[in-house]
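Please go over the structures that come below.
Below are two complexes that have chain A in common, paired first with chain B and then with chain C.
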Partner chain A sequence: MNSNQSRITALIADPLTIAIAASVALLLIGEILSPGFAQGTQIVRLLTVAAILGIVAAGQNIVILGGREGIDLSVGSLISLGAVLAGNMMNGQNSGIPLAVIVAGGIPFLIGLINGIGITFVRIPPLVMTLGMTAVIQGGLVVYSQGVPSGAAAPLLSGFINQPLVFGIPGILFVWVAIAAIMLFVLRRTSFGFAIYAIGSNERAATLVGLPVQLIRTLIYGFSGLFAGLAGVCVIGYTGTSFISVGDQYVLPSVIAVVIGGTSLAGGAGGYLGTMAGAVALTILQSVLITLNLDVWARQVIFGLTLLALMLLYGRQKKLRV
Partner chain B sequence: MTNALEAVGITKTFGAVRALTDGRLTVARGEIHALLGANGCGKSTLCKIVAGAVAPTGGTVRMAGADVRFRSPRDAERAGVALFYQELSLIPQLSVCENIFLGRELKNGPFADRKAMKHRANDLIALFDGVCGTGLNADAVVGDLPPDQRQIVEILKVFAQDAKVMIMDEATAALDGRQSQRFFEILKAKKAEGVSTIMISHRLDEVFAVCDRITVMRNGVTITEMDTASTTRETVVHDMVGDVRAAAEKVDFIAGRAPSLTVENAFSASIRGVSLVAYPGEILGLAGLQGQGQSALLKGLFGSDPFTAGSIGFANGAVQIRRPSDAVMNGFAYVSGDRGRDSAFQGRSIFENIVAALMVQKRLKIIWPSQLKPQVNKVAEDLKTKFAGLDMPIGTLSGGNQQKIFIARWLATAPKLLLLDDPTKGIDLGAKADLFALMRQQADAGATIIFYSSEDSEIIDYADRVLVFNGGRISAELKGTDMTSVNITRAAYGDAA
Partner chain C sequence: MTMFHLARRQPWLITVLVFVILAIVNTILQPSFVDPTVMRSNLSTFLPLILVAIGQTYVILAGDIDLSVGSIVALVNVVTVTVITLLGGTLGAVFGGLAAGFCVGLLCGLINGFFISGLRFQPIVTTFATGIIFAGLAIWVLPQAGLPVPDAYWQTYTESLLGLPVVLLVLIFGAIFTLVVSRLPFHTRLIAVGGNRTGAFQSGLQLGGLRIGAYMISGAFASFAALCLTGETASGDPLLGASLALSSISAVVLGGTALAGGFGNATGSIVGALVLGMIGNVIFFAGLPFEYQTLVQGLIVLAALAGGVFVTRR
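== the complex of A and B ==
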């Protein structure tokens, strides 16, 4: 009885449960405000948008798990870079898709590695390193594209993201599920995943068991770049064309999704399931706000407040536990 | 004549631990007074109480005959007591001058008088003229200075306070012979001016050359106070030790065996030329006062603080240890006494805490908990660890049980060389006994075990042989019936057995 009770309390306090409950509640609110909000096709649409955020947040998730004030603010510009590169590789041709994925994933991966090298070997704080990198990429994009959007999504890619593939579900959702499976497997069943938690929990102890701490931390930022680049491919598939600041709107939400999902900003605790639920909840919230006719800046305010409120909430919870 | 400083009946408890039960110290005006005792005898606590850094639980401190009660180090400073901090008080980004006068800047009206401070700092530095090397001046940034010059700055910081009583706790640790010599000359000059010094030192040589009187402490109690001129080293050592503890009969491991580990002429920041051999099946103890190079040796062997010179041979071959992973691959294991800082993955499960080392050593890429759990469970249970389940967070265990888990972490890798750095720090007696039984079991299975303990009794009871450290060097090797507390203490204070 007692253990059952504590199990129930633990379940209710679990961030994953909270995020799912919040999603359902937001769906209901949306339905009340605008009947039809929670109908099937609309939910699929919401999940498609959530998938893109979820892919970015996968990278943000491991960066934050790795601790030492880990955060990747360059994901926004890397999404833009991925989208622009993919657009130029495809130029509306289906045959360009494989190259687009390789280039739009590969170059952000390399840039992410540079972030990682700066953070681990030169000991630049992650916030400063990735913020500086954002400026470099944004400037580079302006030079590269000369300020005009160019390139276009291949029809096959657009269809994969916007059109149902099977059972009315678009291909991107299957991709997201595949990425989730990989994330969960890596974090829970591989030494690389164990090592991410270890360095996030206690870097010194990780060094003292012989883990290659610096290599792991560098790779984490590389993978964050990779995920952002791939999300960029999805973005151009979703919108058709790209512009050079298309990724900016994902920076803050990617962090919030991770935090809603219960990953500690201090590192070493959390996981991807919660982050996925966080991405969904956040996407629905955004949609509700749009339904309310709030403009982009008002939404920005609400997002920022959400993050701060979460920090307050989780911060208190931790204190109570000690 | 009244005494400069008097502490009577000082007691101090930290939680359930009694650090001091009867601390007494009487320092006359214008004398150099040595405070001696083994690790944990309470001498540092007593000094901190006298300097206002720790509040006593009971007892009286008097200065020049009047009762005083210091609420902070600043209180004590105002009353004329200055404490030497071992490098802890310097701010690396500030200059020598700024560090010396930090918090007690010379003023000209409401403003800091930079000119006067610089002038005074240079006067102070001149005290070490000719022995302090180049580059030490008022404007030098402290972080750029070598260790000996940093220590000189710490000393000057004490001198700058023009105190009546100076407490010098291991103030010569980083100094070379000529620098120490000069330091003692300055103390003698100050003595002539009526300034008293309380000196804690790990060298009986220094004590007998410099100090007028000696106070000996043991187990939180002041045992004796004597004039240096009318006592002998032998008496002092016996007073520090109390009941002589001798080892039970020990097996001689050296006979007919080839060593598993050889270290030749190793150097690092706190080690100055250490050579040793260790044998398979042997438990080798490292003893001495704290911070004399024992931990540094273990960290050097494990690669977390690699040797800067010297060579390591293991299992008939030379090995290069540059980082911990090199050591792990060679079958070395290292358990620190500082669990929270060096071992614990807080917030992670017991299982994860254990498999961390195994996964490095076996180069595991994929981890199937269902496959590893029986093995991990067995190691943890062999250690008599009490835990509800491998999936519970490490933080749910007591300190002693956590330490067992961190040992289990390494036993899972079947180590050939087990390095233990004061592993019983803060764990209960039952867990300690389990731990030593386990060490013996590993040794009997053929492992080589080197352990440092800050408690001599652990070494006498459980080690087969002991190396005593003093100032980064091995001052004595003791085995068999020579492994007595007297011999260890004597060697810990720098006298060969």
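== the complex of A and C ==
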């Protein structure tokens, strides 16, 4: 009886439960404010938007799990880079899709590795390294695009992301589920996944047991770049065209989705299931705020206040007095 | 003591050296650089970043970070011009606007400090979030850029007082402030808080007061920066200051302060901010094609940051 009670308490306090409950509550609020908000097609639409955020947040998640103040603020510019590269590789042709995915995933992966090398070997704090890299990537994008938007999504890619594939569900959601399966498998069943938790919770101990800490951390940032680049491919598929700051809007939400999902910003604790719920909850919140027909400023203030409220629930740091 | 040890103990000396080299290069590329009017106009361009970087230093020294400084600058700017307009644009109204702007800056700092030190929120996400809120409030106060300030405001800012340009006086004020504060017990305690938080707590330091104090200094200097920007642009703009968070952190790191906290001083950040400004200047006058300027600037700043971190890490 007692253990049952504590199990229920633990379930209620679990960030995953809170994020799912918040999503359902927000859907209900949306339905009350504007009937039809929680319709099947509308929910699929919301999940499509959440999938793009969720893919970016997968990279952000392992970076934060890896500890040592891990954060990747370059994901926004890497998404833009992925979108612009993919657009130019495809140029509206279906035959260009494989090359687009390889280039738009590969180059951000390499840039992510450079982030990782700067952070692990030169020991530049992640915040500074990834923000500095953002400026470099943005500069590179200006050079590459010569300031003119170019490239277009192939019809097949746009259809994959915007049109139902089977059972009224677009292809991107299957991709998201596949990525989730890989993330969950890697984090829970492979030595690489355990190593991420190990270096995030106690780097010294991880070094002492012989883990290649620096290599693992470098790879983590590489994968974050890869996920951001792939999200860029989805973004251009979703919108059809790209501009050089298209990814900026994902930086903060990617961090927030991870935090809402219960991954500790100190590293070493958390997982991807919570992050997915966090991405869905965030997307629905933004959608409700738009449905409310609020002014830009009010939307911003409510969004910021929601983040602070979430921090109050589970973003707090340890007390110094024990 | 070898040069290397000196550089490790006083990393800002390297920054001063870099500054001198940049000044020489700049003078070669742009001979009018030493002209008093050009120097004054350069200084008034660099001044907002210098002021924000001074405030940011104290927050970083205590082991925290303030990503909301850019939004505070925008909010103070629009509050100041709105108050001046509401009070009728007289001389008294200008002072009322300045006071209101300063209070808003302090209040923003207090709010950040309250959440982070009082409620133990994580600094990066919290100041990201308060930054969104402050920026939203700025749009609420003044939805569109406009509302010119009285001529007296910007004329005073661009003129001279006691034979010295006002912008130079502001810089001297900032430098004296940093030098005085670095000799106060407050500074030593901040460094203790940033270097070893548990140790500082166990030795009885008032952590809460110190960290909130640092955030309020950051808010106050962000408001000074906003008031200077208002003198420069002579009107209100709710979207001001977007890049100030990153550049101020870069300036602090270049000035020899450790980003992890516990080591450094704000005088170095002034030099760091000047170096950042000069890098932009040199690139502009080097005659690079326009599209390449952002890229080259980003690469140089990243390299400088890597160098700065390499020297200050311990």
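Here is the rule we use: the second predicted complex is superposed on the first by the 304 of 322 C-alpha atoms of A that agree within 3 Å, B and C clash if a C-alpha of one lies under 4 Å from a C-alpha of the other, contacts with A are read in each partner's own complex, and residues count from 1 in each chain.
Basically, a residue touches a chain if its C-beta (ideal position, glycine included) is under 8 Å from a C-beta of that chain, and two chains touch if they have at least 3 such contacts.
Remember, it's a predicted structure, so these values are computed and weren't measured experimentally.
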(request) Based on the superposed arrangement, let me know which partner A:W297 touches: chain B (first), chain C (second), both, or neither? (result) second
(message) Let me test your reading of the model: by the given contact rule, A:F194 touches which partner, first (chain B), second (chain C), both or neither?
(response) first
(request) Tell me which partner A:Q138 touches in the superposition: chain B (first), chain C (second), both or neither. (result) second
(request) Counting touched residues of chain A, say whether chain B or chain C comes out ahead. (result) C
(message) Quick check on the superposed pair: does A:R123 touch chain B, chain C, both, or neither? Answer first, second, both or neither.
(response) second
(message) Touch test for A:A269: chain B only (first), chain C only (second), both, or neither?
(response) first
(request) Name the contact category of A:G210: first (chain B only), second (chain C only), both, or neither. (result) first
(message) I'd like to check the shared interface: which positions of chain A are touched by both chain B and chain C across the two complexes?
(response) none
(message) Could you list, by residue number, the parts of chain A that touch chain C in their complex?
(response) 71, 118, 122-125, 127-129, 131-140, 142-143, 146-147, 252, 255-256, 259, 265, 295-301, 303-305, 307-308, 311-312, 315-321
(request) Within their complex, state which residues of chain C touch chain A. (result) 65, 115, 119-122, 124-126, 128-133, 135-140, 143, 197-198, 201, 207, 246, 249-250, 253, 259-260, 291-299, 301-302, 305-306, 309-310, 313
(message) So in the complex, the part of chain B that touches chain A is made up of which residues?
(response) 302, 304, 323-325, 327-329, 334, 336, 341-348, 352, 355-357, 359-361, 364-369, 409
(request) Under the touch definition given earlier, write down the residues of chain A that touch chain B in their complex. (result) 189-192, 194, 197-198, 201-202, 204-212, 264, 268-269
